[in-house]
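Chain lettering (A, B, C and D) follows the sequence in which the chains are written, and residue indices restart at 1 in each chain.
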Amino acid sequence: MKQNSLGKEEKEKKAPPGKKILKRIAVLTSGGDCSGMNACIRSITRTALQQGIEVYGFRKGFQGVLSNDFISLDNRSVSSKIGRGGTFLQSARCLEFKTPEGLQLGYDNLIDLGIDGLAVIGGDGSLTGAQKLHEKGFPTIGIPASIDNDLFGTDMSIGTDTALNAIVHAVDMIRDTASSHDRMFIIEVMGRNCGYLALASAVACGAEAAIIPEIPTNCDIIARRLKRRFKEKKTNSIILVAEGASSASQIAEELQNKVGYDSRVSVLGHIQRGGNATVFDRILASKLGRNAVFALEEGQSGIMMTYSKGTYSSIELTEVIRQQRPLSQGLLELAGLLEN
Amino acid sequence: MKQNSLGKEEKEKKAPPGKKILKRIAVLTSGGDCSGMNACIRSITRTALQQGIEVYGFRKGFQGVLSNDFISLDNRSVSSKIGRGGTFLQSARCLEFKTPEGLQLGYDNLIDLGIDGLAVIGGDGSLTGAQKLHEKGFPTIGIPASIDNDLFGTDMSIGTDTALNAIVHAVDMIRDTASSHDRMFIIEVMGRNCGYLALASAVACGAEAAIIPEIPTNCDIIARRLKRRFKEKKTNSIILVAEGASSASQIAEELQNKVGYDSRVSVLGHIQRGGNATVFDRILASKLGRNAVFALEEGQSGIMMTYSKGTYSSIELTEVIRQQRPLSQGLLELAGLLEN
Amino acid sequence: MKQNSLGKEEKEKKAPPGKKILKRIAVLTSGGDCSGMNACIRSITRTALQQGIEVYGFRKGFQGVLSNDFISLDNRSVSSKIGRGGTFLQSARCLEFKTPEGLQLGYDNLIDLGIDGLAVIGGDGSLTGAQKLHEKGFPTIGIPASIDNDLFGTDMSIGTDTALNAIVHAVDMIRDTASSHDRMFIIEVMGRNCGYLALASAVACGAEAAIIPEIPTNCDIIARRLKRRFKEKKTNSIILVAEGASSASQIAEELQNKVGYDSRVSVLGHIQRGGNATVFDRILASKLGRNAVFALEEGQSGIMMTYSKGTYSSIELTEVIRQQRPLSQGLLELAGLLEN
Amino acid sequence: MKQNSLGKEEKEKKAPPGKKILKRIAVLTSGGDCSGMNACIRSITRTALQQGIEVYGFRKGFQGVLSNDFISLDNRSVSSKIGRGGTFLQSARCLEFKTPEGLQLGYDNLIDLGIDGLAVIGGDGSLTGAQKLHEKGFPTIGIPASIDNDLFGTDMSIGTDTALNAIVHAVDMIRDTASSHDRMFIIEVMGRNCGYLALASAVACGAEAAIIPEIPTNCDIIARRLKRRFKEKKTNSIILVAEGASSASQIAEELQNKVGYDSRVSVLGHIQRGGNATVFDRILASKLGRNAVFALEEGQSGIMMTYSKGTYSSIELTEVIRQQRPLSQGLLELAGLLEN
């Protein structure tokens, strides 16, 4: 028996039926950071160590793969990290990895480091990178993390629940001001192609309207509703706007002309990303991370771990990348409860 | 056309196919209060009003039915209530309703008030009351609300997610103290027959152990683990105890003898019940409430609205009352990540 | 004995030495709302009722005085309001009150309603209105409420402590993202003439710099500091900007050119106003309100209640209006701890 | 020039007039931990480094002094620590240090390490230790940190404001439940000899009564008040109990007999200690720490840094230890606003 780089004695392992013997896996977080990423790294690390697998963490996403910037992860590295916002491995976009040369360099580095499998935690772009590595023959698993909740194939992505609660907490505070002043507040939230955050927040806050990319905006209808409310002496209103549908200031301008009462604009910005992870995100991230290790052990690759219909499963990365997530019918129906 | 008791003109309505014409429904909250109950009352009220149905809210659960203590609910009554903790209709236990005479009185009152259907928001005991009314022939629908998440047939009950986040927030704070002092903290959470809260919190906090009613406690194993941690210089630990499994002080005594280092006890108590509802609870409560109105319209009775496998559906109340909720296998598996 | 408008029997009261007998006072909140205003209204109401004085609350600031829009306040009106953000009496700007005719109308209305004294809760503009009423001969007391903490004569205004904690909570969340991405965040906070919020937040967050109206901005010095940090591998930075000094986007542009690394902008906006009041604001507001009632009883007018050097006292409104609040030397000194 | 232990070149320093040249100081946190301790360590560290002084941090209070358990602190050691609860230097009680032999050993160790001054952050017992070292001739400065706010000579201690806000946040949540059930809640908070926390929380929550060690409890009066409230249909009540005055369960028993309606008991426990520090505590701790370094430079010893009447100053440790902090008259007066 010899010592490996983590200082543990290596046991001669025999693969159980249907399982690959993995010696060393790696994990990275890529794209926009979100709460729950740390819980996922922790789960991957602990699960792998329990299986006798070493774990490396690349820093700053794929950039770390290209520059061999990594740390080896042990139980202590992930201690006290489960709830913390952001990602302690850091994240970044990496244009070079999108080139054939970059991809080749990344592949070579992974092989040279003796890594047997990679877990990529991130959103759309990150998962495309994961798929490229898979196509090149490197065992790679994707894990959905995106506050926008815009990924096809999973009901929830890591970070979405925390983001939603951060938004609703902020809107609850703004409502105090709105109701003190008879004002309309137009609040812009994240969501480039996907109105999930705006729609779910609107439902959860009891907002008066949500403006989302999936449904054409009709400011006339909203204005009519607001005018009726005004007559009934309800003179404060909250309207949620997904950044991908319009901007808060543009909507404010359009509505103010039509409605004729005072409005204010608030762009929630980066407070949506951070903060301690909710329980939901901690558990989701832990489970997805754990399953990713098991999937690598089973020799799988080119898939994304999912949580769908209350069940943990997986889907081909090609499906995820190719398809648009449909709007949640359940939420749309609840939008019927918005003040009207 | 005549005026009804709410002062609105009554329209002659014709039922759509497969739908009952309801004129007036009622809602009550019963048993232990929890966050999300207000969101559910609001959703029932708004959904019913949109369908042209009047809504009464009984105060203090079944007690209000016995004493004709109710208010009529309009859009304004439920305004700004979606996130607020507790229940503005108040809740109470009602022994009298459990007697045949009490049940008869309640039934008679409901009939006399011209109520066509009742939604009962609450836990185990409350749903038994609902089933009794149903058996007597009164259209009654149950809605699961219980911070313990101990109800069979639904993956989540209203209030559980908020309670979990309150617990984890408190444990995160206690962890600050634990790590400042090399201490073991034994933290008691709610859960009489059900270890869900303790187990899920333990997973989400990265606690060192969870003691739950469903699994026999082995303090020797926990003590051994703690001693090993102690040798590795990790001298602070968090252990979660479900009140139904043991008491924090008893566990502290047992462990302290075996481990030999300082411990502290904390009983989280009623902070687990209250506070603004999380987004998950607001949406769950809104959807279950909305569905309850639709179920009454469809002429259903004796069922509980459910959220299971990511889908909203329903289950016979007799099933809910008769069966024990099994421990979540997903959580149990994640417990494998607890420090060991 | 006759009945007064509140339905209470009137006692024949005799003034204690040095005290005026007041029968009825009024309170209003004016200008930008802030947390703690409700605690102040509650304290005024309860203190006055204990002294046997009736209390009216004008709605929407001075506008309510002009339009006789008021409610009478009893113990129940202010129940459960102590911590709630905003102002349940609502607030507004009122241009008409600034005209001689408006002022006269307001004065006449107050006299006609039989009001013996008025407490005005608000900032700079509101206190100017209070002084005008005082000059006209109506007993008027000002109470400082301003999240900017820009009022001369009091160390703290109602709402400032809550605003500060809201800002720091938001910045703590943004720091998660900043540290995940090696980014500079330029965060804009309120404060038109006064850098208090930006400076105190910067100290409390351990920000890298604060840009405030009282001190000329030198982006070269900041850029040099950031570059040195960058060399030491500390590549995330937080910079706080008071809206009165510059805009976050302008500072971002200037710095990005000089420093050459990625920056993001966040305008915190109205989340700074709202939310449950901190303990400090609840106690400050309660004490200032209570003292305002006592001052009216003592026949005082044209003053603002203050909290200065740990002591509750008062100051002439003319002083408050005329003078600029100097920058806190204590905070400036602590700015020496900002990363450098 | 030679290298010192921190690897920096040593400059030959000349003391400015009235200043001692310090080469190396140390800091420790002792007794019960509280939020703000980390901000204080950070401020001491940064201030000292700016003055060219090295900083050592002893671990686990005086125990670290006895066992030479310390770390050297640089800018990076205290980075991102300003808001975190607890103390990263850890804390402990140390009986050995109270013996003459222990004190001598501690003194010798400090001399042997070449330490020129010590800052002790803690409460009553810790400051007694500091005074003992001072009497032995070692330059020692105390810094008040105690969530109880029971220290004579300073209006506020580090940790009190955070503890108060944690308590009030918890009580606000419990109020939700109390008002849902017509219940009396008896809530026990910390404070062995000092009712500050209970009294200030009661004022800030609008509780119905506060039971504190400084004032004899009269349950008859409280019961009479509760009965009157009950008649007025206000059937939920919150009563705060300082642990030093009684226990929540004992008060509950006494009151329940007299009042005859349902009560619940909650012991808030260790959630009062932890959590992110409030802005007030971060700034207070930063200033007190900074001043402690300056005091050591001025050759002072045997004093505690204070914040009193809005001014930062100091007081003899003998005074602090000998005298009882009087009850705040301002708070007592505000207790007149408690529901009555």
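Criterion: a contact is a pair of C-beta atoms (placed from the backbone, for glycine too) under 8 Å apart; a residue touches a chain by one contact, two chains touch by 3 or more.
Since the structure is predicted, the reported quantities are computational estimates derived from the model, not experimental observations.
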Per the touch definition, the chains contacting both chain B and chain D are none
How big is the gap, in whole Å, between where the Cα atoms of chain B centre and where those of chain C centre?
-> 40
Just curious, how far off is chain D from chain C if you go by their C-alpha centres, in Å?
-> 28
Which positions in chain D touch two or more other chains at once?
-> 172, 175, 179
Full set of chain pairs in contact is A-B, A-C, B-D, C-D
Seen from chain D, its contact residues with chain C in the complex are 42-43, 46-47, 50, 75, 79-80, 82-83, 155, 161, 164-165, 168-169, 172, 175, 179, 200-201, 203-206, 234, 276, 278-280, 282-283, 286-287, 290, 308-312, 330-331, 333-334, 336-337, 339
Any idea which chain A residues touch chain C in the complex?
-> 29, 33, 35, 37, 60, 84-88, 90-92, 166, 170, 172-177, 179-182, 185, 264-271, 273-275
